[in-house]
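Shared between the two complexes below is chain A, which has chain B as its partner in the first and chain C in the second.
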Partner chain A sequence: MLILSLAGLTKTFGGLVAVAGVTLSIDRGRIVGLIGPNGAGKTTVFNLITGSVKPDDGHVFFSGRTINGLKPHQVVALGVARTFQTIRLFPKLTVLDNVLSGRHCRLTSGVIASFLRLPSQRLEEKLVLKRAMEELEFVGLAETWAAPAGSLAYGDQRRLEIARALATEPKLLILDEPAGGMNEEETAELVGLVRRIRDRDVTVFLIEHDMGFVMKVCHHLFVMENGSLIASGAPKEIQSDPRVIEAYLGQDEIET
Partner chain B sequence: MIFPRPRLFGAFQVAGVVLFLALPFIFSGLNFRRSPYVLHLLTTVGLYALLSLSLNVILGFAGMFHMGHAAFFAVGAYITANLNLTYGWSILSTLPVAAGGAGLFALVVATPVIHLRGDYLLIVTIGLVEIVKIALVNDVFGLTGGPNGLIRVGRPEIFGYRITTPRDFFYLIWVAVAISALLFNWLENSRFGRALKYIKEDAVAAEGMGINVTAHKLMAFVIGAAWAGMGGTFFASWMRTISPESFTFGESVVMFTIVILGGSGHQKGVILGAFLVMGLPELFRDFQDKRLLAYGAALVAMMIFRPQGLWPPKPTQYKLPAPFDQKYPKKGEPC
Partner chain C sequence: MLSHFFEQIIYGLTVGGVYALIALGYTMVYGVMKLINFAHGELFTLGAFVGFFFLVTLDLGSFWGPVLAISLTVVGVSGITALAGRLLERVAYRPLRDSDRLAAVVSALGASIFLQNLIMVVSGAKYRAFGVDLLPTTFIQFAGQSVPVARLFVFLTAVVTMLLLYVFINNTRFGLAIRAAAIDQGAARLMGVDVNKVIAVVFVIGPALGGLAGLLVGVYYGQINFDMGQLYGLKAFTAAVIGGIGNIPGAMIGGLLLGLLETLGAAYVSGAWKDALSFVALILILVIRPTGILSERVAEKL
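Entry: the complex of A and B
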């Protein structure tokens, strides 16, 4: 069953064509990678899916409906969550507060209920703390719940971003360079984490430059260069695809 | 279980509040000669605390630079004065209309500009307060009495008790401050209040986490304006005369200063700020013009050495539900 498909997605910034007619589909329950050299337009594809950038042309279908044109918060409510390439936590707020931000769209208490501290609001607040702590346990950061997010180590901040995104109860989780800045040990743990996310019936779509990580964790890969898809297939096929080697892997050491 | 433990007051603070509320009686017991003056001053501090607490929702919680709060204060005051003078409404019955009118006015003027950031929004709100003041001077719709304003606004009555003396108004205003502080404290520690905090920290990340940034900013604006409108009701019935010079850009700057100086986003800090900004200059009245110089220098020094304000907010304290409270005790706390 398809969860996400992009049809002829196009975006230009000024004269630069960032994404040129990208068409691809992702099956539910898979871990799919989007790779390519810097400037290939990968992050722009992610921004187009999540609604933070509007496409010039083309469509984004998610779970059977068109979602391009929706605002980012509406896309999140439908079940698409993301992390950012450059970490965008709320650094001054606590770790727990950060995860609670992801729960916002699944809560219902309005301004009046909050003003008057109605019983329904208090119950909801109690339940939300529980749920947020469960997400922190899932990524292994529960002990740090009271610390400011900005005080965490870099790799921990990456995992906190994932916990925050998972708190929105996504069907599709979009990870922009999740292993960026992580050491080898942390990256190895991340492989397990991404698989456990998939086991929760969350489809994962990720950008990553660490080829060892991508080859290990992804079921399927798409390769972009200069805004276009140049290859698609299982990791093994991609590794031996001459176009890909020329465009991308050839410039980089392959670690498998 | 109360969530999250608000810890409004410690023992010292309770004692301080009780002592403060007993002041009018202490004064009369001591036959304090300047009692009416001091009570008037403390009521002024209270009114500015109320207005600054409402501005704090916009500026402190949501981080929107809004320097035109006197405009909403004015709308509330003129609504109350008109309903009271023309239609004979009692003062307190105009309270919801003043709140609603100011809130609606805020919704109309803020909707087109709410997406502006930082200094751009600041300039627009300065324009807003100037426009409102000019409209008041020009007797717009024949409702404002022009430059002379409106006179002989009535006094509030609570259960048949007419509020007239300085002591009465001292209590009226400070009870309003206390109720506002409590409600805003609840609001701050809720889904809505948290959303404003996220928006203040990073609006892009907040939107990316599923928060409707525009709607929340607008709502914060409307709530802050509605509260300022109620401040206008109290002001009109206390002063009995309202005129455009009470609602200038200068007044807006005073409220802005109170919030920033006291501790943006922290209610107790804002109330402290009201005491310092409104009260301290009075203490140094004997120095006449030089006190403003010293006051200005103090503000500059503050902004250099303590830009977060005198009493900034602490991170929200959450009490974890079981079993997490046992599993993950906060560092420094016994298990």
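Entry: the complex of A and C
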């Protein structure tokens, strides 16, 4: 069953064609990677899916409906969550509050009810707290719940971003360079974490430059170069694809 | 001597409470939008005039008695100023959300001039007097001193309102959404926070508090004028900067401090230098600690 498909997705910034007619599909329950040299347009594809950037042309289908044109918070409510290439936590808020911010879209009571602290609201908040702590345990950060997010070590901040994204109850989780800045040990742990996320029936779509990580964790890979898809297949096939090798090794010639 | 000093303290806290209420509007809007809403002082004036309309023009008090009349006026004033704030955001700020910061500042100044003139055209340039004492003129004994009940009323109203706001921001989920949006709007959006709704709520609460402050000043001093919001707005802005703009407890403390500084300065230095003292304080803060007294200094991580 397809969870996400992109059809002819195109985005230009001024004269630069960042994404040129990208078409791809992702099956539910898989871990899929998007790789390619810097500037290939990978992050723009992610921004197009989450609604932060509006496409010039093409469509994004998620769970059988078109989602391009929706606002980011609406896309989140439908079940797409993401993390960022450069960490974007709320550094001054506590670890727990960061995760709770991800629960915001799943709350049913409105502004006034939240002020009046009605019984229904209290019960909801109790459940929400429990859920948030479970997400922290899931990524192994439960002990740090009271600390300001900005005080965590880099690798922990990356895992906290994942917990915050999971708190939105996504069906599709988008990770933009999750292993970026992590050491080998942390990256090895991340492999396990991503697999456990998949085991919760959350489809994972990720960008990553660490090829060892990508080859280990992904079921399927898409390769982008200069805004277009140039290859798609299982990690093994991609590794030996001449166009991919060309794209990575011949970067200098292509960029100049 | 001591009783004179005590009186100044009470007076300072009264004025300061009003400054703090107005300052909250500046600081909340700045916190979420990084914009100084220069038209905020005019929303304060609007609050005073709406209060005048309810209490004097309609003379609600003689129909329903003072308690019901005041409660109804409070609801009316906060409702109407909140609506005006919401409209202001839609008309003057939202269309400029993605443009240059300077464009929004110019728009804010324009909105301020427009609103001030609108109030003048509608209600005239004369001072308006409430005529009757709406607040009790009695005194109560406190720690061996007599304290005017009217001042206590203004101060307590300000404090209770601020406490409610503090609880809302820090202990409710929507408050958390506001805090998240204040740190990183983009990330908040991608975590499912409807940032437009956050901005709308901020532009409802801030103006309502400002309007309420206008009502308090109106009933306390007994007279209002179309440009009263200018000086109050500037003072409250100063209070917000002193406390650390964008910081909610900072606005509360900055307002109270500025009120105390002003009244003690007027009493012991010179009444004529009252305003100068406030703005000297602003300059000193900007030079010595531009982030305000309450802002924590966290080394920015790269």
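FYI, the second predicted complex is superposed on the first by the 248 of 256 C-alpha atoms of A that agree within 3 Å, B and C clash if a C-alpha of one lies under 4 Å from a C-alpha of the other, contacts with A are read in each partner's own complex, and residues count from 1 in each chain.
Here is the rule we use: contacts are C-beta pairs under 8 Å (C-beta built on N, C-alpha and C of every residue); 3 or more make two chains touch, one makes a residue touch a chain.
What you see is a predicted model, and the numbers here were worked out from it, not measured in a lab.
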Practice task
State whether chain B and chain C clash or fit side by side on chain A once the two structures are superposed.
Solution key: clash
Problem - Winner by number of chain A residues touched, once chain B and chain C are compared - result: B
Practice task
Give one of first, second, both or neither to describe whether A:K71 is in contact with chain B, with chain C, with both, or with none.
Solution key: both
Exercise for the section: Kindly classify A:A188 by the partners it touches after superposition: chain B alone (first), chain C alone (second), both, or neither? Expected result: neither
Handout entry: Touched partner set for A:L96, first chain B, second chain C, both or neither
Key = first
Practice task
Go through the superposed model and pick first if A:A142 touches only chain B, second if only chain C, both, or neither.
Solution key: first
Problem - Contacts of A:G150 with chain B and chain C, given as first, second, both or neither - result: second
Practice task
For A:R88, decide between first (touching chain B), second (touching chain C), both and neither.
Solution key: both
Exercise for the section: Go through the superposed model and pick first if A:L118 touches only chain B, second if only chain C, both, or neither. Expected result: neither
Practice task
Please work out whether A:I245 is in contact with chain B alone, chain C alone, both, or neither, and reply first, second, both or neither.
Solution key: neither
Problem - Common interface positions of chain A, toward chain B and toward chain C - result: 50, 52, 71-73, 76-77, 81-82, 84, 88-93, 97, 100-102, 104-105, 107, 110-111, 114-115, 117, 125, 164-165, 168
Exercise for the section: Provide the residue numbers of chain A that touch chain B in the complex, in ascending order. Expected result: 50, 52, 71-73, 76-77, 81-82, 84, 88-94, 96-97, 100-102, 104-105, 107, 109-111, 113-117, 121-122, 124-126, 129-130, 133, 142-143, 145-146, 148, 164-165, 168
Problem - chain B residues touching chain A - in the complex, by the definition given at the top - result: 1-4, 183, 186-187, 190-195, 197-198, 201-202, 204-213, 219, 223, 315-316, 318, 320-321, 324, 327-328, 330-331
Practice task
Show which residues of chain A lie in contact with chain C when the two form their complex.
Solution key: 50, 52, 71-73, 76-77, 81-82, 84, 88-93, 97, 100-107, 110-111, 114-115, 117, 125, 128, 150, 164-165, 168
Fill in the blank from the handout: Interface with chain A, chain C side, in the complex: residues 168, 172-177, 179-180, 183-184, 186-195, 201, 296, 298, 301
